[in-house]
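Dropping the structures in below, format is structure tokens.
Consider the two complexes below, in which subunit A is the common component and subunit B and subunit C are the respective partners.
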Partner chain A sequence: MGDFFTNLDRRWIFLGMGIVVALPMLLGLSFPEEPSDMVRDVFAAVDTLPEGSNILMAYDYDPATKGELEPMAAAFTRHCAKKKHKLYFITLWPAAVPMLRQNIDILESEFGDDYTYGENYVNLGFRPGNEGVIKVVVTDLKELYGNDVNGQDLQKIPMTRNLKNIQQMDLIVNVSAGTPGAKEWVQYAASKYEIKMVAGVTGVGAPALYPYVPAQLTGLLGAIKAAAEYEQTLIDAYPEFAENPATNEALRRMGPQLIAHIYIVALIILGNCIYFTDKRRGAAR
Partner chain B sequence: MNRNQNVTLIVVIVAGVFLAIRAATGEFGKVYTRTETVEFTPEVQEQVGDSVKPWTIEKPVDRAEIRDAQGQLRADVHLNIQRTLGLWLAALGTLCILSFLIGDNVFYKLAEAVVVGASAAYAMIVGFWTGIVQNLFGKLMPGVMRETVLPGIPESNTAEYVYIIPLIFSVMMLWRLAPVGGWISRWPLAFFIGATAGIRLVEYLDADFVQQIAATIIPLIVVAADGSIDYAASLKNSLIVVSVLSCLVYFFFSFEHRGVMGVTARVGIWVLMITFGAGFGMTVMGRIALISDRFNFLFYEWLWLPKPG
Partner chain C sequence: MKRTVPLCIAALVGFVLILSEFIPFAQSWGRTAMIWFDILAAFAFVLGGANLLKIHLLKISSQRVGWGYSVITVAAFTITMVIGLGKFGVTPSESFPQFTWSGDYLQDGSGFWWMYQYVYLPLASTMFALLAFYIASAAFRAFRAKNTEAIILLVTAFIVLLGRTYAGIWLTADPLAWLGQTLYGDPQALAMFRLDVVVEMIMGVFNMAGNRAIMIGIALGIVALSLKVLLGVDRSYLGSEE
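On to the complex of A and B.
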């Protein structure tokens, strides 16, 4: 038996993983989520702001991490729109421009009556320069952003006409897949200028950012699990979101997560059992 | 045929049969859209002037809303050929990348090359448009840019000649491509490295050094508002302090790791291992999220399988 597993073609493991991810998805398996204190803190940071607050939506992710971060970004966008905040979309990643567009589509299709371009939201788009962009816009936005993503002069857009820099933001909401991202926003803006900030990041990036909480970062959402908890909190607070299937995208993904994690844990235990059995057998010989 | 080829053949046959059955039992792999006009409110339109006119966008239509009760295509909905082609390219690209799990093959190589090439070209184009056109030429020659590609630049904008400096630096950087005088590119490079290092040092010192030390100076015994000891918060704070100190001791090599130093360093190793384990666990979660997103795309956007619930 031990030899069978030792010599097992690894493609069977891949096939098994494919099945344990696909089946719960096809069967619609999902499980209730209990929001953690951290997720509640992030939710409260958006929710307790007075209606019409200025929020910088800094979405720094690309199609490679869309699967992990898009539900999180969409939940932030819906929550901010529900609170009728003024949203300033910006990115430090060139490939994130379509990601901004997808979030703006949410505003236009679900909150079209309350959201007008230029009055309630604006898309500043991308500027090259990585953290250098943050360094500039934190003191003088229009030095780098003379116009929005459509080439329209910011002086002519009502919500940006009197905007000098991002210190005027009441909150920075950052969804980050790496560098430049949450770390740079903390270092160059939130920490130095004491701007309130929350972030949502990939699972890989989360452990390195937890030390910033709570002094430099109000809260942090780590990976799809935290996104699902955020969606649950959003639905609990605003039950009308439960009618929109797009609002529980991360919740739907937690079914495959749970089964796949059980599969991986089982494989780790099995692998260790085989290892120690082989070791004992070798010692006996 | 070797084993790899057999496996590939079986997978291709199974996928082909599945697609044939799917095609015979209903629609799939199409994108229907509705044309919508985007316009400012009259107040905003008055402020932005005639330079920005209303424009149209193609909005994807949910497959449940494509046809009416009689099964006829709705009047305002149409099949979008470009997006349908994009959908198939995305689906086939996903399958090509996933085929690497069977073994390295030409389809994977092709998809990999397309991803790398398209990403690089996209980043270059976006960088050129936003950095060179909008920021550099838009500031240096606002009049010319207004008349040609950036009509949104206000009439009041005048040339900012300080931007000649970055223009010169850019030319010097590109000099590397010239057959002679490649050394010229080292000067702007030296400036960028120096400036970046200086800026980063200051920000790191503040955010990652001073403020992180401050965040570690916390009470080991936390007293709640009612005067009782908050044991959970006390344990959390103590763990933070012990973990930080033990990890620092582990990386302190001026003394041999023996006695108290040795025990503390060993605790530091455990803390590091637990951190790496947590990081690995989070990474696994992230990877499963990515594959479930791709399956979500293949099942529901491409194959139009019925959504549960």
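On to the complex of A and C.
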């Protein structure tokens, strides 16, 4: 038995991971979430703004991180729409344009009565230049954005006609999977021009952004766990969201996450048991 | 000349950007420099595409090891570019119905949209999801309590792994509430030891302190390196002399 585990083919481990992820999904296993103080801070940053505030929705992620970040982005979009804020969608990632589109689809399908393109939301799309784009739009948006993603002149769109720069935003909401992303928005826009900002990032990206909280970054959501807590807070504050299954996307994903984490802990323990058994056998010889 | 001109441009633009941060009069110069940068960045996409083609076509022509993958790369690149630029399946926009190409290349149902939704998206998601399998394998084979540092890392990993799920609350909330009630008459007395709270403490204190130290170190390094680049001492970004 000991030799079986010592020489365990990694395909058995892969199979185990596949099963522990698939089972909770198939069984619809989910758990309640208790929002942390950090999540409450992020929620309050959006919720306490007066109705109709200007919010820059900077979504910088691509399909690779869609599984982790999309529920977070969708929760932000729904929350902002519930508060009837004016939303300006923008991205620094070329592959993120369809991600903006998916969030706009949420506005059109769930908040269609309150949201009209050009009056309540606008899609500015992508511009190349990474942080260079931030440095320009923060002082003069129209130097770089003459038109929206559909090629429509920003002067002809009611909500962008008098928009000079990003400093007119009441809040920046950034969902980021790397560079350029939250760090660049903090360094070149939020921190320098004292614009309030909240961010949602991947689990591996979160530790590097904690130093900016709370002075330069009001709050930070890290990984699917924080997204689930945000969804729970949203449902607690606005119970009508509970009826929409799409609002529980991160909560649903916490089931497989819990079992997978326990599986990894079990593997570490098993690996160490084998290590110490082998070591003792070696010493005995 | 080939190296002097780029050196002068880098130094000039670098100093202009520094001045624009400190002198209000020079702010517009900095903005102009950044707009030039953004325009150049757009051209970099073309240059990047051409470079990719050059490298892989050379690999195919010389039939170096793995040239078959280069064929796939070139084919994928060409097909994507042709479908995207050709706007296959795109209907004209409402504003300009007389122009066939006036529709958005990412329009629902278009060729490029189809490739994004049904090729790029699943492939990219799959690649990222594979991480879970490799992490599980690495956890089993490499995460050993060999010394004190490894033990600290292991204990922290356990706390974070369990604390970042409902297991953290489930395992510690009720037992600690009972213990707090029994020992101090207050169920919240030991709440600070709940795994989810400990995780927040690890992230907000130990992680933050460590990351701040690293960031300050990196920032000082960037200042020193930037000065060397602007003064032309470090020319490595220009490539080799040949």
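Keep this in mind: the second predicted complex is superposed on the first by the 285 of 285 C-alpha atoms of A that agree within 3 Å, B and C clash if a C-alpha of one lies under 4 Å from a C-alpha of the other, contacts with A are read in each partner's own complex, and residues count from 1 in each chain.
The rule is short, and it goes like this: contacts are C-beta pairs under 8 Å (C-beta built on N, C-alpha and C of every residue); 3 or more make two chains touch, one makes a residue touch a chain.
This structure is a prediction, so every number in the text was calculated from the model and none was measured.
Peer 1: Just subunit B (first), just subunit C (second), both, or neither: which does A:Ser36 touch?
Peer 2: A:Ser36 sits against subunit C, while subunit B stays out of touch.
Peer 1: Per the contact definition in the header, classify A:Ser109: touching subunit B only (first), subunit C only (second), both, or neither.
Peer 2: Only subunit B is touched by A:Ser109; subunit C is not.
Peer 1: In the superposed arrangement, which partner chain does A:Ala215 touch: subunit B (first), subunit C (second), both, or neither?
Peer 2: A:Ala215: touches subunit B, not subunit C.
Peer 1: Would you sort A:Phe14 into first (subunit B), second (subunit C), both or neither based on which partner it touches?
Peer 2: Touch status of A:Phe14: both partners.
Peer 1: Applying the document's definition of touch, where does A:Leu267 land relative to subunit B and subunit C: first, second, both, or neither?
Peer 2: second
Peer 1: Give one of first, second, both or neither to describe whether A:Tyr275 is in contact with subunit B, with subunit C, with both, or with none.
Peer 2: Second partner only.
Peer 1: What is the contact status of A:Val133 with respect to subunit B (first) and subunit C (second): first, second, both, or neither?
Peer 2: Touch partner of A:Val133: subunit C, not subunit B.
Peer 1: Should A:Tyr117 be classified as contacting the first partner (subunit B), the second (subunit C), both, or neither?
Peer 2: The first partner, subunit B, only.
Peer 1: State whether A:Met25 touches subunit B only (first), subunit C only (second), both chains, or neither.
Peer 2: first
Peer 1: Can you pull the subunit A residues that subunit B and subunit C both touch?
Peer 2: In subunit A, positions 14, 17-18, 21, 65-68, 94-95, 97, 127-129, 132, 135, 144, 150-152, 203, 206-207, 211, 222-223, 225, 257, 260-261, 264 sit in both the subunit B and subunit C interfaces.
Peer 1: Would you tell me which residues of subunit C are touching subunit A in their complex?
Peer 2: For this pair, the touching residues of subunit C are 27, 30-31, 34-35, 37-38, 41-42, 44-45, 93, 95, 104, 106, 113, 116-117, 120-121, 124-125, 127-129, 132-133, 135-137, 139-141, 143-145, 154, 157-158, 161-162, 164-167, 169-170, 196, 200, 203-204, 207-208, 211-212, 215.
Peer 1: Which of the residues in subunit B come into contact with subunit A in the complex?
Peer 2: Its residues touching subunit A are 7, 38, 40-41, 43-44, 47-49, 51-52, 59, 101-102, 119, 122-123, 126-127, 130-131, 134-135, 138-139, 149-154, 157, 196, 199-200, 203-204, 206-208, 211-212, 214-215, 275, 278-279, 281-286, 288-296, 299, 305, 307-309.
Peer 1: List the residues on subunit A that touch subunit B in their complex, please.
Peer 2: Subunit A residues touching subunit B: 11, 14, 17-18, 21-22, 25-28, 65-68, 70, 94-95, 97, 105, 108-109, 116-119, 125-129, 131-132, 135, 144, 146-147, 150-153, 155-158, 186-188, 191-192, 202-204, 206-207, 211-212, 215-216, 222-225, 245, 253, 256-257, 260-261, 264.
Peer 1: Where on subunit A is subunit C touching in the complex?
Peer 2: Answer in residue numbers: 8, 10, 13-14, 16-18, 21, 31-34, 36-38, 62-68, 94-95, 97-98, 101, 127-130, 132-133, 135-136, 139-140, 143-144, 149-152, 203, 206-208, 210-211, 213, 222-223, 225, 254, 257-258, 260-265, 267-268, 270-272, 275.
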